[in-house]
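Shared between the two complexes below is subunit A, which has subunit B as its partner in the first and subunit C in the second.
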Partner chain A sequence: MSATGQRSVTVFRVVRHAAYSASLLFGALLLAQIIFEAVPGDPARRVLGPYASQESVVHLRHELGLDRPLAERIGANILGALRFDFGRSIIDGRGVRLEVMEKFTRTFSLGLQAVAIAAALALALLALVHFVPRAAFLLPVARTPSVLPSFLSAVLLAIVAALWLPAVFGSSGSSRSFPAPLLPSLVAAIYPASVLVATLGARWTSLRSSPHYRTARAFGLGRSQLLLNALLAPSSPAILALVIGQLSLVLFASLVVEIIFSLPGTGTLMLASIQANDYPMLQGILIINALVFIALHFLAESLYPVLDPRVAR
Partner chain B sequence: MNRPHFITLFCVSLLFLAALPVALCVSGNRLDPITPNPQLANEAPNLQQWAGRDELGRSTLARVSLAGGLSFGAACLALLLTLFLALLLGGIAGSYHDQWPDHLISWLIALLHTIPFFLLVVVAAAIWRPGLFGAFLIVGIFAWAAPARLARAEFLRLRQATHVTAARAMGFPAAAIFFRQTLPLAFLPAFTSVLILLPELIGLDVGLGFFGLGAQPPTPTLGRLLYAGLSRLNSAPWLAVAPCAVIIALSLSAFALARLWSKSIPASTRA
Partner chain C sequence: MNKRIIAILSGVAMAAALFFTLRQRPDSADARKSLVVGVESDVINLDPMKIVENLTLRVAAQVCEGIVTLDKDNRLVPALVESWSANADSSEWKLSVRQGVKFHPNQCFGPAGSREMNAEDVAYSLRRVVSKESPSAFALAGVIEGVADYQSGKTSELSGIRVDGSSVIVKLSKPDPLFLYRLTSPWFAVVPKEAVALGPDVFGRTTLIGTGPFKLASRQDNEVRLTRNPNYWKKSAGNIETLTFRVLKTDAIRLAELRGGKISLMRLPDALVNEVAASKPAPTDSSIRLNPAFGDFSATVHPVFNSHFLGFNYQAVPRALRRAVSKAVRRAELATTITGGLGTPAVGPLPIGLRGYAPTPLADWESAEKANEELAADPAAPRTLEILVHEKDSSEQVAELIQSQLAAVGITATITRLDMNGVIDRVLKNKAQCFVLSFEYVFSTPELILSGFFSPAAIPVPNLFGFKDERFDGLLADLAKPTADGTPNLPVIRQVEDFLVGEAPAVFFYQKRSAVLARKGIEGVWISGNNILPFEDVRVP
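Our next item is the complex of A and B:
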């Protein structure tokens, strides 16, 4: 195939993925709307409680657009979301987009740090076992947290750390000494690191008995070259998929970790919104998360052919 | 008896041990999980009360057993719903490969796969405010995507199997082929992939409890017991240790069961 033909195939693939991602985004908006529409009873009455006056309920119904017909309401909400306008908080009238974006950025950077730490830890351990086979006894130990529920380890570690390392956090959480910024992400990194060790370890074990690995050994490649060329390179698409898959779990663990370490982020915002029945805020959190993950999956789909040329064919 | 079998047997017997106090606390009020008993508040663990009492004098053992039983039951309910949806939708998608039902279901799978699962469950639970079992029905509604993807692949592969081709050549109707020829063979792999979710489903109780969702007081849940205990870790450590031990024991036994099950799939059933 000519170079231009190859390029047009790539462009076609990217355009098709983009269209598919756009349809997923539309689906996410619809899903968020369906969850909101399926509230049992009158949402306005639920927010304001049984003792609120009828006028304030009618007013809130108007604010939420509940007095308009269903189709018009769904259409207006989806159009609003396409313009990146998710309405205002029921509680204090803050714009949902600004509030969620600000808090989400913090949570997301915590999650990214955690996933990066997890990937580094897992690869370091697997590389250690590759160079020093006697260290293999560490693998079952490292795999254990992956069997337990995903955020149990984060919750337990976070609370133990917050209780027994008060010097690090200070009693009011005001001290900003060195370990404080990294500790929450380290706590959230334990589970994904364990999953990476389990999944990647199994993959490398099967790669070691594959013909290309044997050939590479027969050609006399050293241990470090084997690691880079015969193990790491063929499993790079799997690593990317695993890291993105773990990111969504890590984000949830980060919510819990944030609340325990009293960091202002999506976790704290969500807790407050849940307690106050702040439906627009919850919807906004869901939609912006979905948006970010749809974008991430789109990026990953575009990266796979680069990492593994067989995918492009 | 090889090692995995032994571990599973051990874990299953642990499960039964966990179920025993549930029976006890239902039958006698010595282990009543709900009624406060202020004279005995904050009793440390002893021979009668293996896990001590909480600040209202309620037996920790009884509360942890009831919570564990409820969480396990609710998780099993979610598991059954997930299995049903995964087999039904995965089966339809696999049987109508590359036609509109397949496209629609594959799109739904991609959608649920992309949106963070926990966030979806927590937001839906926060808006709908269901009880413990309602929360796990929500889980079932959203958790079927991964096993359905597997079931779809399984059905796709079975379409090419010799015995299915033979059944089609003999003129069996599509429904008969679906229920008699492909479903029995696709069941075990799908069941295993759903069973692997069980520890995560039990743990979801901890996540929902953190946001004050799921079952409401005075019903104890593992998540709420854990957080209540962790806030008093220094003065009454037994309050946190007991629910934590139950969560870990339930997760490990569910994992061991899933592993045993996946090993027990005979290779001959794979088309």
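Our next item is the complex of A and C:
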């Protein structure tokens, strides 16, 4: 294939991908708005509390545009979202974009850190088993946490850390967004680490019986060269896909972790916004999250051909 | 090669471990007197006008002050207003603003850095709090003259509030000798307009300017840091230089952090009383005896203006059924089970701790036989009830207990689970029969609580019951008449409360007390009826 032809294929892929993502995003927005409309109760009343006067409620409804026709509101919301302007929180008037970006940075650094810890742990364990086959009994042990729900492991670890290791783990009160506090990232790393161990472990087992691996062994490659050339290199696209897939999952799991460790992040913000019917905030969270995920997947797709030239063809 | 990889891997692991260990700063590094308090929920916005959530108000109240406040006996005492006087019929009030009180320094004041608080600030803050944007406006709507026109936008001037030199003159729409008792909540704090003008992304979020004993140093959703205000106008007994509120939402984790020493003080939630107490506190106890595992801590108990109740749709539920329910519930069991003994069983709406008030005895009112008599008197009245519950204040747990208590007298209760907003929505649309709710009273005197929450003028909110009775209107008129010496008219108050108990627009269960669990050696802890703990009075070792 000529260079021009290859470029046009890439451009086509980008356009197709963008169109697909945009339609997903539009659908999600519409769905969110419909759910928001269907929830019983008046958002303005919820903001002002049960004892506020009816006049205040009517005024706030007007301020929020809740008294305008549904179609007009949906249109305005989507137009605003296109301009990346999500308006202001209906709870206290703070700017949505600023708040969501700040909270997202925190959650993202927590997620990134968790996935990095998970990948490091999983690879270290698999490498250990590679060098010391007797340690293989650790693999099933490492896989078990994938059945332990994160809300349980989070609470248990937090209490243990608070009671016995208060000097090492600050489970609370971190005012910085990066690096995220250690304990929550560890908790968030438990599940992806065990998934990585299970998936990569299975892949490496099958790689070991592949002709490529056997040939490499037959040529007398040492264990470390086998690890690098015959296991790590061929599975690198899979590792990338797994890590990015787990990052999406971890960002989702952060909802639980953030609440238990009382960390300000997207999870906490989302829960508070749902409880308060704060639609502008929810819309901001939805769009910014979606954009980041789309970007991540796009990045992954662009990286595959680099790691595995067969994909490009 | 083999060894090289292992060496690299272990090097990376060690570097990571070192990095994470080094960046954990111990909190005790600050040699100055400091206190870290564990709190239950995120602190999103500290602008007193915007706060509807009481937990946030308790933080904001350390920074901002109102014109009047409550002392340890819940009596009205001056704060930013030095003194006051009213005309003969108490319809016009002259509030003399305290002189020499400075706002916390901030760039919003320009090169001077700060300025003195004055009568204009008091008037500005009162106008702001009755504006249509204010959730707390209901407490003053219909009280201050011209609020309705001001809110509807008919006038841009609020006729009821004007400045006269160093005083603020407040004109009321009708005489109210207890007017100032409406203003003891920190909702009605005085803030400078320069700070509010910084906009909603700044004021209440990154900046909060008041005159209080502490200044805001930083606010994160999960941590608020305050520092002592060296220029505070009032002499205070406390010695805290830095005060940190750390959010720990899970009760068990907050308690573990207290035991681990990361926090030194927390409110004791009802659900944890059993875990820490050696025995449940009796209604008259002022402290809780803790079990040996909490030997390093002490717990004190303080009455507050909070109560829990089952509200009825007054028009839709027949009197016999309302009264039967009120007589069939066993309040002592509710108080023990739901609040771990922190609730004092009570049949009336008036909180304990109010000036001179003594609750109606339970024994005269509730019993299964009396409930059956009520039902027998009206055979046509239904024996079924739908109770709406929500996610807050152990509402569901309360309803389940009531359900079993009512079953004993042959009343079948069904429970419908909604969220708080859903419950309020159905109540306001007149589609509810009965609902579990709680009040945290903003009024600090019995007369205002009784008239403010049960008068026909308070329909639909906060009179969510739609309670209306001509005889009650007459009693309310008596209630408004001042006594010669300004003390509460206890016989009339008792009469009004008894009338409410008899007609049962709501069934009250207990009046709440708040408990504080603190490391031993922390002194001066008390909680006002408004549920505020003034940290200015707290001493740490």
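Note that the second predicted complex is superposed on the first by the 250 of 313 C-alpha atoms of A that agree within 3 Å, B and C clash if a C-alpha of one lies under 4 Å from a C-alpha of the other, contacts with A are read in each partner's own complex, and residues count from 1 in each chain.
Quick note on the criterion: a contact is a pair of C-beta atoms (placed from the backbone, for glycine too) under 8 Å apart; a residue touches a chain by one contact, two chains touch by 3 or more.
Keep in mind that what you see is a predicted model, and the values were worked out from it rather than measured.
Output check: A:S262 vs subunit B and subunit C. Expected answer is one of first, second, both, neither. What do you get?
Touch partner of A:S262: subunit C, not subunit B.
Applying the touch criterion given at the start, work out whether A:Y213 contacts subunit B, subunit C, both or neither, answering first, second, both or neither.
A:Y213 contacts neither subunit B nor subunit C.
Counting only touches as set out at the top, which of subunit B and subunit C does A:Q225 meet: first, second, both, neither?
After superposing on A, A:Q225 lies in contact with subunit C but is clear of subunit B.
Which of the two partners, first being subunit B and second being subunit C, lies in contact with A:F104: first, second, both, or neither?
Once the two structures are laid over each other on A, A:F104 reaches no partner at all.
Have a look and say if subunit B or subunit C is in touch with more residues of subunit A.
C
Just subunit B (first), just subunit C (second), both, or neither: which does A:V155 touch?
Both partners.
Identify the partner contact of A:Y191: answer first if only subunit B is touched, second if only subunit C is, both if each is, neither if none is.
neither
Same subunit A residues contacting subunit B and subunit C, which ones?
After superposing on chain A, subunit A residues 40, 155, 159, 163, 259, 275, 277 contact both subunit B and subunit C.
Within their complex, state which residues of subunit C touch subunit A.
1-2, 4-6, 9, 12-13, 16, 20-21, 23-24, 26, 36, 42, 44-45, 47, 50, 52, 132-138, 141, 148, 151-152, 200-201, 204-205, 218, 220-223, 244, 246-250, 252-253, 256-257, 259-262, 418-422, 424-426, 428, 437, 460-462, 464
For the complex, give me every residue of subunit B touching subunit A.
Going by the criterion above, the answer is residues 107-108, 110-111, 114-120, 122-124, 126-128, 199-200, 202-204, 206-207, 210-213, 226, 230, 233-234, 244, 247-248, 251-252, 255.
Applying the document's contact rule, which stretches of subunit A touch subunit C when the two form their complex?
Residues 40-43, 45-56, 59-60, 63, 88, 91-95, 98, 120, 124, 127, 131, 155, 158-159, 162-164, 166-175, 179, 182, 222-225, 227, 259-264, 268, 272, 275, 277 of subunit A touch subunit C in their complex.
Which residues of subunit A touch subunit B in the complex?
Within the complex, subunit A contacts subunit B at residues 20, 23-24, 27-28, 31-32, 35-36, 38-40, 147-152, 155-156, 159-160, 163, 248-249, 251-252, 256, 259, 270-271, 273-275, 277, 279, 282-283, 285-286, 289-290, 293-294, 297.
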